[in-house]
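What follows is chain A paired twice: with chain B in the first complex and chain C in the second.
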Partner chain A sequence: MSTSKSPTSTPSQSTSFPFPSIYSFPPFFTRQPNGQTWTSQLSLWNSLILAYCRYNRIWRIDLNTAIEWDLFNNRDINRSLKLETCREILDSMVKKGDAEWVPGSGSHAAKNASAIIYWRRPEEWANIIADWIDSTGQKNAILTLYEIAEGDLSLSQDFRGIDPTILRKALDVLIRRGQAQIMKSADGEEAGVKFFGNQ
Partner chain B sequence: MSMRRGVGLAAFDNHERTAQQYSDLGSTILQTHISELTDQLLTFQAALKRFAQSHADEIRSDPVFRSEFVKMCSAIGVDPLASSSANKKGSFWAELLGSDVNDFFFELAVRIIEICRRTRDENGGLMLVDDVKARINSVKGRPPVSQEDIVRAVNTLAPLGHGFGIVRLAHKDFIRSVPQELSRDQAVAIEATQALGYISVEILRDNLGWETARCIAVLDDLVASGLVWVDEQVRPKEYWTPSWIR
Partner chain C sequence: MYFWRPIDLTSARRPVLLQNEVDILVQDRVGLYDGRFKLDGYQNGRVYLTTHRICYVDNIRSATHSVAIVLSQVHRVQFSPGLLKSSPKITLFLLPPSSPSTPIGLSSPRPTSPTVSVRQAQSVDLQLSTIVSRSHTPDLGAVFNWICPICSYSNAMKLVDIDGLPPPCLACGIRPAISVIEQARETMAGIYDRTHIYPAPLPVEVQNESGFACPCCTFVNHPSLLQCEICGATLVSKNLPPTLLDNAMKDLVINERYSPSPTPPMQNNNEDIDYIKISFRAGGERIFLDRLKIVLQDRIWERKTRNIITVGAALDRRSNATTHLLPKLGIHGLEIQSVKESQRNLELMRSLNDLESLMQKAKEMVSLAETFATRLSNAAGVPREARTALLESSEALSLSSPIVMREIAGNGDDTFYAELARQLAEFLDNGVLVKEGGILTLFDLYALYNRARGLSLISPKDFYKACSIFEKLRLPFRLRKFRTGVIVIQEAYYSDDAVNRMIMDWIKKGSSEKGAQVGVTAQDVNRRFGWSVTIALEELETAEDSGNLTRDSSVEGTRFYENLINNFQWNWKRDVFQE
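And then the complex of A and B:
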């Protein structure tokens, strides 16, 4: 059997992900033929994928590489999730709003199928960032996306290293709420985001 | 009273009069007994009520005491859980013993129904009492419930027609929360899953002596009913009981 791998992004935890008991149940890796059983299986995979991504701070799943991860391969019981089943699961997560296909990689493409994983929804990220702006006294500051995700002030924050696509969606929420605004430089290029703080 | 046997019609008349007198005497004795019994019963009821009220806390919080109390009630022919239709307070004994016993089992029944409903897709409506107990007792801040408590609570649901019942398989108690009862073959097959967690055509054939067609039929049946999960990454395919998910 192929050795199962950990995702390439550096795990932030020193101990490996504590898999739930369903992970050791051999049929969990077989697409169940019974409709109701499949419904519960989908739900269990959904929760597991979100928990795993949250624990390992994974922002996207690239189907073709992720299928090698220990998440989808339990070496102890010698069971692996099929690519097609994984795709079905991600499709269902997208329908639920827990994930989003990266445009151009859609669920019907044979290659390069990539999905952003919302182990926090954009609205949640928006709230966290707005609170962080307030608590760090950065009201009226103008920050670049890079500064938000990788700056010194966000070192211990949950959104540290956040995927730019997700960050942008969170900022869109804040802009819609009137809590932030895109600032453009003289030549019309986007320079950064100005925060007005919680109102 | 004349006991002299007569002959002919006279004899008949005598017999009837004697019978009537016996009957009258019998009624009198019966009446006396009834009023004595009534007095005794009233005294007894008062004592039982006092007992239940003074031990209400123990009944609620101690599974062993609760079990003994309910057993005592049953031994003297009292069902503390009997209720007329769905009105939980309609029971004579519920009023007598105070609503604590009834409330406890009613609330437990509600929690059981909720757990079964939430897990139905996963287990097809068949769940180990032990697993239900573990879930209920994992909620902190409430006194623990016992296996007996759960079985009793489920049995109060049976007559209400929700399709709830206790099924005993392989020396373990399961709660069935769907109206469909297990067929004989299904029950035997599920019992077989309790040894290793799974069964296959070969396991059924070798251990039960069934023909292949019969094995396939019951396994398809179990899958269709959502009672087993299938593992297709092995040959022969293995059919697992969700009760094995720990």
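And then the complex of A and C:
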């Protein structure tokens, strides 16, 4: 399992994330009591998390550690998002489909609350992978999951270092579409995936 | 319309009271008649009985149709109960304004005003000449006359000699009771125009051991006799209750042995006596009549010091006088009762006198506190707390402001609540609301108001009811309940929108000046607008509910910002990833 990068230590981009101006607005970090305002606030946080994760290539958010990131803490205005509010935001993202709780951690568990962030939907990933297979002429090839994520050919691809869970989901989409197939090894373990050509 | 003078009204449409004038009674739904004719435009209003005047305030056109009549012009009062269709009316016979004062002594009692005749009859055995004797030199140190109860010789006496034993009468040599001297002094001091029902001083103590003076021939009879030995007139005891006395008086009249004293009759045939009528369409005429008579008899408007206690005492005195015990069996019992009675009355009088002097001192304290207050408010460097504390204490001492009591409402609670609401409105207008920035919690107002009242405090239920009818009476204040349940009183034009806008404008201005978003706390609002912190927080939360403000909670506290979250649009795919 790939560990999520801590953006504070190893930023993956040369410039830091361009936060929107609302990030410097102190009330943005307070859970608003007014229903309407809260709805707007939720959707803004939603966008912010997606953008941040995509920019820094973060696939998972572990609630207890992520709360320290500068995404949720603005040192300049000295405001931080509370854990509960973050949980609420992630819950709403899950409901919307932009995230998914890691099974076993659950959203109400005391510890191990982790969520996978879909800054691209599995369908989108499926399309990107399929296009890549096409463009690199790996039709009818059999690739391991590791090769797809970390192989030489995928160096410049968006799905470089993709979280295995997400990759699996994307491949499931392809399988459902009939564009791929899981190959099992001799002892029944899943070993690789075979891509068919575009029909 | 000759007698009615237009009057000023306060902002709450109650009559402006003169100095020392106190409200006694209010009655709604009355109409005015001048002579026999109805007055147009004056048929639907409230009548206020005060210690100095009777005021009429029209319910509809209160600004233009509000008039009053001065009580010193009222000569006589007559009551006519209502018939089938006509409502009960009280007729006030008035003196023409330029008539000289005509002394009125005892004259034949009129059956139409029973209470009046009782008052006169109670003093039947009084020394008539005590009333008649006048000295027109009211200064202290002057000489006054007192009449001996036995031989009716008029003795002169200096005011300064009052203390000590009363001097013996120069003609018969008998020392009178102190009360004779006292009364003679009082009547001399209080002599002005005696043009109406005269006051009833307490009955004089004729020495009981020596006998009972006959009302007709002044022969001193043995106390146990029922008829005068000389002339045969019925002997009437001083301290009988009015009903018994009334019967006794009727006997006198019917027997026609009672001859009036040689004073001019009440009716002046040469001049036109004008009269006005007040018609009571919703009842309340009996109590109005009673109170009116008490006021007229006591001539309260002539006294210099006036406050609630005096008026209340006057009213109480009358009601006390009517609760005498009926005589027990036997003449001896009668005697003992009457002695006890008179002693009790004397003590009551004495204690009330003390109370009145206390009130006099209190009034001086109030004026002292007021001078301090004005001096303090002018001094620049005085801290705000000291000023408010002093104002509060002078409000607490303020006994001189007339207050609305439940007894004032003639009948029905509605009038009471209406009057209370009006007085509350005046209280608020007087600067209380301005001091609080225009909004005040109900609890604070309750505390302030009761503190200022001092006596006869208002219960919370009455207070709340009175506040609820502000809008109905078209007074410029409103009761407003916040979402969290806090109830406030505010000026009527302070609607939710207005307050919201005020706050928003202030925040926006601050933000644009500073260049960055400005967040306000409840303390900031309190400093800026003058509202209490509770109310400030309520207002901020109301603005937040309406979507105009957002809150920022941190360890430093809660601040409120303009709501930028609602309208913020961010297309992240375009802005961050240039898609």
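Rule of thumb we're sticking to: the second predicted complex is superposed on the first by the 189 of 199 C-alpha atoms of A that agree within 3 Å, B and C clash if a C-alpha of one lies under 4 Å from a C-alpha of the other, contacts with A are read in each partner's own complex, and residues count from 1 in each chain.
The rule we apply is simple: a residue touches a chain if its C-beta (ideal position, glycine included) is under 8 Å from a C-beta of that chain, and two chains touch if they have at least 3 such contacts.
Since we're looking at a predicted model, the values are computed, not measured.
Novice: After aligning the two structures on chain A, examine chain B and chain C and state clash or fit.
Specialist: These partners clash in the superposed model.
Novice: Give one of first, second, both or neither to describe whether A:Thr30 is in contact with chain B, with chain C, with both, or with none.
Specialist: both
Novice: Touching A:Arg79 in the superposition: chain B (first), chain C (second), both, neither?
Specialist: Both chain B and chain C are touched by A:Arg79.
Novice: After the superposition on A, what does A:Ser40 contact: first (chain B), second (chain C), both or neither?
Specialist: both
Novice: Name the contact category of A:Pro18: first (chain B only), second (chain C only), both, or neither.
Specialist: second
Novice: Using the touch definition from the top, say if A:Thr65 reaches chain B (first), chain C (second), both or neither.
Specialist: Neither partner.
Novice: Let me test your reading of the model: by the given contact rule, A:Leu48 touches which partner, first (chain B), second (chain C), both or neither?
Specialist: second
Novice: According to the stated criteria, A:Ser135 is in contact with first (chain B), second (chain C), both, or neither; which is it?
Specialist: neither
Novice: Is it chain B or chain C that touches the larger share of residues in chain A?
Specialist: So, of the two partners, C touches more residues of chain A.
Novice: Is there a shared patch on chain A that both chain B and chain C touch, and which residues make it up?
Specialist: Overlap of chain B and chain C footprints on chain A: residues 21-22, 25-30, 32-34, 36-37, 40-41, 44, 78-79.
Novice: Please output the residues of chain B touching chain A within their complex, sorted ascending.
Specialist: Residues 119-122, 124, 198, 223-224, 226, 229-234, 238, 240, 244-246 of chain B touch chain A in their complex.
Novice: With touch defined as at the start, can you tell me which chain C residues reach chain A in the complex?
Specialist: Per the touch definition, chain C meets chain A at residues 517, 519, 544-545, 547, 550-554, 559, 561, 563-566, 568, 570, 572-573, 575-577.
Novice: Mind listing the chain A positions that touch chain B in their complex?
Specialist: Residues of chain A touching chain B: 21-22, 25-30, 32-34, 36-37, 39-41, 43-44, 78-80.
Novice: Applying the document's contact rule, which stretches of chain A touch chain C when the two form their complex?
Specialist: Within the complex, chain A contacts chain C at residues 17-18, 20-22, 25-30, 32-34, 36-37, 40-41, 44, 47-48, 50-51, 54-55, 78-79.
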